[in-house]
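Here it is: the structure, laid out below.
The first chain written gets the first letter, and so on, giving A, B and C; residue counts start at 1 in each chain.
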Amino acid sequence: MRHILSRHRNILDFALSSLLRRKARNAALFLVYTLVIAVVASLIFFVHALKREAALVLDAAPDMVVQRMLAGRHDLIPLQYAEKIRNIRGVSAVVPRRWGYYYDPVFKANYTLLVADDQPVTPGTIVIGSGVARNQRIKQGDLMTLRSYQGVPLFLTVETILSPESELVSSDLVVMAAEDFQSMFQLPRGVATDLAVSVANPRELVTVANKIAAAFPDTRPILKSELLRTYDSLFDWRGGMIVVMLSVAVLAFIIFAWDKASGLSAEERKEIGILKSIGWETADVLLLKFWEGSAISLSAFLCGVILAYLHVFFASAALFAHALKGWAVLYPQFRLIPAINLYQLAVLFTLTVLPYTAATIVPAWLAASVDPDAAMRS
Amino acid sequence: MRPRPSSCFMSFLAGAMLVCLALGLHARSSQHARLPELQEQTRLVRYLRLTDLCLFTEARYTRHPAMADYFAAFQDHPTAFEHFPSGSLVQPPVTLQRTYAPHP
Amino acid sequence: MIELTNVTKRFNIGKNNQFTAVDQISLKIAPARVTVLKGPSGSGKTTLLALIGCMSRPTSGRIILKGVATAFFGLADPAAGFEVSSLPERFTTEIRRTTFGFIFQQFHLIKGISALENIMLPAYPCGEPQAIIRTRAQELLKQFDLTRQAHAMVEWLSGGEQQRVAIARALINNPLAIIADEPTAHLDSRLSQEFMERVADLKERGKTVLIASHDPLVFEAPCIDTVVEMRDGRVIGQSESP
């Protein structure tokens, strides 16, 4: 056993000193390799953590949301629908939701305004998300002005600012009283934005949805499972930008592997000839090449993964912020709860480290099989 | 005596693996420690009856992808989201592909 | 120590540029003696050295090694000898590594690494702890007066120093025999004489030395025991020194 370990260590020593001989080139290779892995691993960490939080948090979303369509567009839903839906068997509660969008031309941001029925807010006051507070640079007790659809400005006092930790769901929210919402948008009487339906038995959801769609052909029920699926396929690898990033990474790796696999330089070939002539077997030479490749790929993989973790969970994925923000002015601060997807990391390892190591060994095979006496005759 | 290159390398690898392990433990413990955050978010989702994460505030159908209706999503082209950069990140939601209306 | 019987080596068999480098050579190399293969270039000296040193296999004929104990044969009487020419590559490499040390015409040192590491290289795959190999290498450096140059890159060393490093490298595994191919080709007279003095020293330590050369400084040196004359792949004469 010691014998085998010594052999590996000795050959590893020589492999490392070989790498150090071409310092600049190998350092550049290591850096680029690490960067590519860091980017892909960042993607893996970010998307996995986001999806996990979405799944956990949106589990508390309404069982079903019923929207009304008018000429194909989203329209307000009459409250009589709520009465009739309540009578469908299996439905335990129907609560009308009142929410909408507001664009603030001064701060150039989009907010979501909504009414909370369960814990009503005092008229004249609002509860805002910390993204809104950041955007308008206001704090608790300050006044916020909204321009109603009648042209009349509404002055609302900020009663509470929702915690920064809940930014993922509440960043742009402005929760107001029903009266203020009405002053803002002047909704006709007897309508709501949509209906939140609770069903006692989750297995009856589809049946209830079918019944609702049959009873009200102008409605569109949306189930919680579909909601969750939307977020599960978020940042899917088929999505535009992700495909670009992954393609770039794959291309980078193909270039690495091609560089290695396109054969050894004359100098490397000569060295292998010398090693064979002083007593190294083909297997020893291949082990040398294996260690040369593995030294770079293993270290780059580990460094890349560590960098990715620090980037996503300590620096809030700062490098992705620009891409994710797009044209939005209001942007949540991602303080994601760390989550690791070992399966995807293992796939990354298999797709990067193994092919690179193989690309280092395979071209050396031919050179390593050279006859030891070739060195004598050269 | 200068240390052997292989010793340096092995210790570096061991160190890096330890750091990875430590980060794994950090993730584990964070998940436990930050449970109250999750619970707070869940509470908000429940009492405000929210349906979407606040990721992209550029437009209505990017702010509430799960609630998007056909016209908002398919403005110029059935799969066109690309007026806004977030459209290149988010696929047309699955909620648009399903109908519960009875088959004729 | 080494016995060759009707050894022939042909290259490019079946092709139209086939040629016979070594033709029906029968030879006995005595242990602890210095033997020189003398002859012009193209006479098959290098090929014969490669065959003797288990670097390549003869096309026909037998090569028997005597007095070599190997781990895998467990011969009761190593003096009886065994045939190397028919062994698989795994075994011949093992034998080559432990029995023979090679000094090449162009030294073939690996550039970019130190003299010390060059000397230690042949022992790396053997599985000995590096500390032991290093001690042996440092002793060899001392013997050849190279201690100061231990950590210098080999390409910075002078011709004579490189030659000494090449010899030290050949000795790292304590081989029974040293094989040198045209060792003085790139050396001036003074260094050539120094080399032959070292050969005498090796002989004194009980090593078998086999040299291929057409340099008179070599085959007229006092330490030479046997001179084998070769031409066109055959032995045309053999003379022993008294």
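One rule holds for everything that comes next: a contact is a pair of C-beta atoms (placed from the backbone, for glycine too) under 8 Å apart; a residue touches a chain by one contact, two chains touch by 3 or more.
Quick caveat: nothing in here was measured; it's all calculated off a predicted structure.
Central chain (C-alpha centroid nearest the global protein C-alpha centroid): A. Looking at which of A-C and A-B shares more C-beta pairs in contact, the answer is the pair A-B. In whole angstrom, the spacing between the mean C-alpha positions of chain B and chain C is 68.
Measuring from the averaged C-alpha position of chain A to that of chain C gives a distance of 64 Å. With centres taken as mean Cα positions, chain B sits 4 Å from chain A.
Residue positions of chain A touching 2 or more other chains, listed in rising order: 9-10, 13, 17. Residue positions of chain C touching 2 or more other chains, listed in rising order: 130. Those residues of chain B in touch with two or more other chains are numbered 4. Contacts from chain A toward chain C in the complex involve residues 2-4, 6-7, 9-11, 13-14, 17, 21, 271, 274-275, 277-281, 284, 371-373, 375-378. Residues of chain B that touch chain A in their complex: 4-6, 8-9, 12-13, 16-17, 19-20, 23-24, 26-27, 30-31, 34, 37-38, 40-60, 63-67, 69-72, 82, 84-91, 93-95, 98-102. Residues 46-47, 49-50, 55-56, 89-90, 93, 96-97, 102, 104, 106, 108-110, 112-113, 117, 121-130, 133, 169, 173, 181 of chain C are the ones that touch chain A when the two sit in their complex. Chain A meets chain B in the complex at residues 9-10, 12-13, 16-17, 20, 50, 53-54, 56-62, 65, 67, 69, 72-74, 95, 97, 101, 109-112, 114, 116, 118-119, 129, 131, 162-163, 165-173, 175, 194, 196, 206, 209-210, 212-214, 217, 220-222, 226-227, 229-231, 233-236, 238-242, 295, 298-299, 302-303, 305-306, 309, 313, 323-324, 326-332, 337-340.
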